[in-house]
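Submitted below is the structure of interest, expressed as structure tokens.
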């Protein structure tokens, strides 16, 4: 008898707690929503993950722009970098909830395409932020950093900084087949003026943009070629990982590390001299321009189309003649994260 | 000889209501219904045929994986490799059909066979060496993950033959569009619900989960049963692979990375005990729907996705607590 | 009751089982007569578990002969012993705790529905299994209210009753019970002993393995005393005291040809406080 009563109590406890959690979350949700509602127009933002500061900044920009344009922002994210299924689910739910437009940083540039096509077939404006889909015309528009240009800037800077010395280059890349990584890498080589496969490129390693993997990659590169003097990194976490590896060998002053992103941690690292220069991009800008485009479209304006460069700036405190750059004071003001 | 009957407790025959309340799926079911009621009241779009069809469609992949996971967990095992096996199966199907020139049906069969082989190897290692399922499937997770990335060369496979994505097509029911794949998932749930509750095989699975030794002493061939269960789970993951392809329309090497934990979550939310021998696939179906309804409902309400993760975590802890408490007092 | 004119239900002669240098069964004999409760006792390590395993098919003896109802027989495993009508109630009962009583009674031997449902869909006949389980329970006067309650909700004695009922339901020749009262309190032990009596009264012979002398003396018709891998003595509880039986078990006394006892180990016998008679 006792047992049965307890089971009943357990069942009731379970359901009660489920209900309470739901209510609590509602409160959280509406709190987070505060002020951005109104106007009846909904804009969806789907980021790769919701833990990366880059996307946190992007969301901030979107929230501010939603307020300014009198639209409601709903947001979602993949569970991990590369989570396509989670983004597909978010698109479906948003379309179902009646969004006017969706802004998305695709986790998988190809795999996301069918879901986006379904959304567009229902009249939803789809804008890719930060990275394009494949094919690029699977979205109405692309608001992104020119990643080739971002790579070129640090490539040209590194070339100037080397001042004619023989370069031994290591590239700490993202992952095979990912457009952003390929474009930055290619841009860097173009800017530096070396061809892919040139003997001066002594080491190429994938890091996934991760600090720990960046460090391991640099350690391995140094094992292979201790005389490396230029390190290209896909992003600042990878750059900081490389710095840790270099410092352990006492090489941090002798090796030039360049990177891309312009996150606040990264920009500070430039100021501290851990990274020589970085190409800063502007996620906030991408999102706010994206939200505005959807708001305009909802008001009866034109559908946004084509590619919009949201800008990139070289940040360094040791500017080289002939390469446009801003100092870290400017960079820290504009940084994200 | 006048034998005195054993004076056993005067337990009343359980009434329908009491039995219902003592069933492990009742709590989850009520939670699901409460959540549905809540979202119906707070959002305009939740309560519609189209939205429910969407929810089922969104949970069909993890739901199918969770069927296999339920089989394993009923034996007091656990399968960490399910998502990775599915990902590998989907790449095999997509790549052999799109690039290898295999007829779609042959590609699908190959995918099912490959998934089944992973299940078989899991089962052999667990039963014959024997090794703990946690470790075996953790190893197999890495093997399948690596093979997926090696075989796909990190490339998403597009332009698939139409037959591979046919299950992603919809048909109208009233004014609601239903995905064929959802029907496959529901049919699988019903099939396994019947097999587990209505056949000797099902009884033997529960007996095995309760006590392998007791099952063996009662003449059940536990070794064969265990290996068969793991293999069958592999076949189910193969079906999930096909559903995954039909849902996303591509072969995606990054797919399924959190699906092992998601499927375990669904199984646990559905009231199946991690200690084996108690639970049901219908409970698991309720479990996946709870996850799907919360994700959909919160998104319709505009709640950030990180809160969905938060509530899923709370619900899982709650569910295992209920399981643990009800087991302790059963002693 | 004498052995001469009745064919034993289960009989063994000269069983030997060796594991390397260890001889677990050393030329053991065994006789179980129809309708009796035969207690098998022996000190730890005397080899009674090996003997029982050989008789229930769990191990195959190296030498010797087993006869079932007079016919020589060879078991290839527990399953083959079960097929010949020898059922065992294991000490841990071998029940599935979360499953109901009826399911446990038919575990591994489920009944299927007749016709298409059973042959093609393999559908269980739950109703018939419940009815038959209820009939068996009633037969042994086991008063459980609901056969659909999980075994884990039962008390220790009730679980034992379910395990006994299952064995009796399936046994055609012999029921072997391994320490059925070991985990029970006084009251529940008494209930289980009553149950064993009812099984015997149905005409089913019972082999009872037990350490509990009072229980053995209360219920056994004859006592098989096992020592050093063989049957040391086969006695009736009415002919000997409990202290004597313990002394025989430990080797202090020996049964003489006339049915009395002689001192085998004077020191041990003195320590045990027994003498020959």
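Should a chain be cited, it is by its letter among A, B and C, assigned in written order, with residues numbered from 1 in that chain.
Methods note: contacts are C-beta pairs under 8 Å (C-beta built on N, C-alpha and C of every residue); 3 or more make two chains touch, one makes a residue touch a chain.
Because the structure is predicted, anything quoted here is derived from the model rather than measured.
*Asks:* Using the touch definition from the top, what's the fewest steps needed to get from chain A to chain C?
*Replies:* Minimum number of steps from chain A to chain C: 2.
*Asks:* Which one of the chains is closest to the middle, using the mean of its C-alpha atoms?
*Replies:* Closest chain centre to the overall C-alpha centroid: B.
*Asks:* Looking only at C-beta pairs in contact, point me to the busier pair out of A-B and B-C.
*Replies:* Looking at contacts between chains, A-B has the larger number.
*Asks:* Select the chain at the greatest separation from chain C, using centres from the mean of Cα atoms.
*Replies:* It is A whose centre lies farthest from that of chain C.
*Asks:* From the C-alpha centre of chain A to that of chain C, how far is it in Å?
*Replies:* 73
*Asks:* How many angstrom lie between the centres of chain A and chain B, each centre taken as the mean Cα position?
*Replies:* 33
*Asks:* Taking the mean of the C-alpha atoms as each chain's centre, how many Å separate chain B from chain C?
*Replies:* The separation of the two C-alpha centroids amounts to 44 Å.
*Asks:* Going by the touch rule set out above, which residues of chain C reach two or more other chains?
*Replies:* Residues 153 of chain C touch two or more partner chains.
*Asks:* Which chain B residues touch at least two other chains?
*Replies:* Residues 11, 14, 330.
*Asks:* Among the residues of chain A, which are close enough to touch at least two other chains?
*Replies:* Residues 3 of chain A touch two or more partner chains.
*Asks:* Using the touch definition from the top, list the residues of chain A that touch chain B in their complex.
*Replies:* Interface residues on chain A, with respect to chain B: 1-4, 6-8, 10-15, 17-19, 21-23, 25-26, 28-29, 32-33, 50-51, 72-77, 79-80, 82-86, 88-90, 92-94, 96-98, 107-111, 113-115, 175-177.
*Asks:* Touching chain A in the complex: which residues of chain B?
*Replies:* Checking each residue of chain B against chain A gives 11, 14, 18, 21-22, 26-28, 30-31, 34-35, 38, 42-43, 45, 50-51, 54, 57-58, 61, 153-156, 158, 244, 247-250, 252, 254-258, 290, 294-296, 298-307, 309-311, 314-315, 318-319, 322, 325-326, 329-330.
*Asks:* If we count contacts the way the header does, which residues on chain B are in touch with chain C in the complex?
*Replies:* So the residues of chain B touching chain C come out as 1, 3-14, 198-201, 203-204, 206-207, 210-211, 213-215, 217-220, 277-278, 330-331.
*Asks:* Write out the stretch or stretches of chain C touching chain B in their complex.
*Replies:* Interface residues on chain C, with respect to chain B: 78-79, 82, 88, 90, 92-99, 103, 107-110, 112, 121-124, 141-146, 148-150, 152-153, 155, 157-158, 161, 191, 194-195, 197-198, 201.
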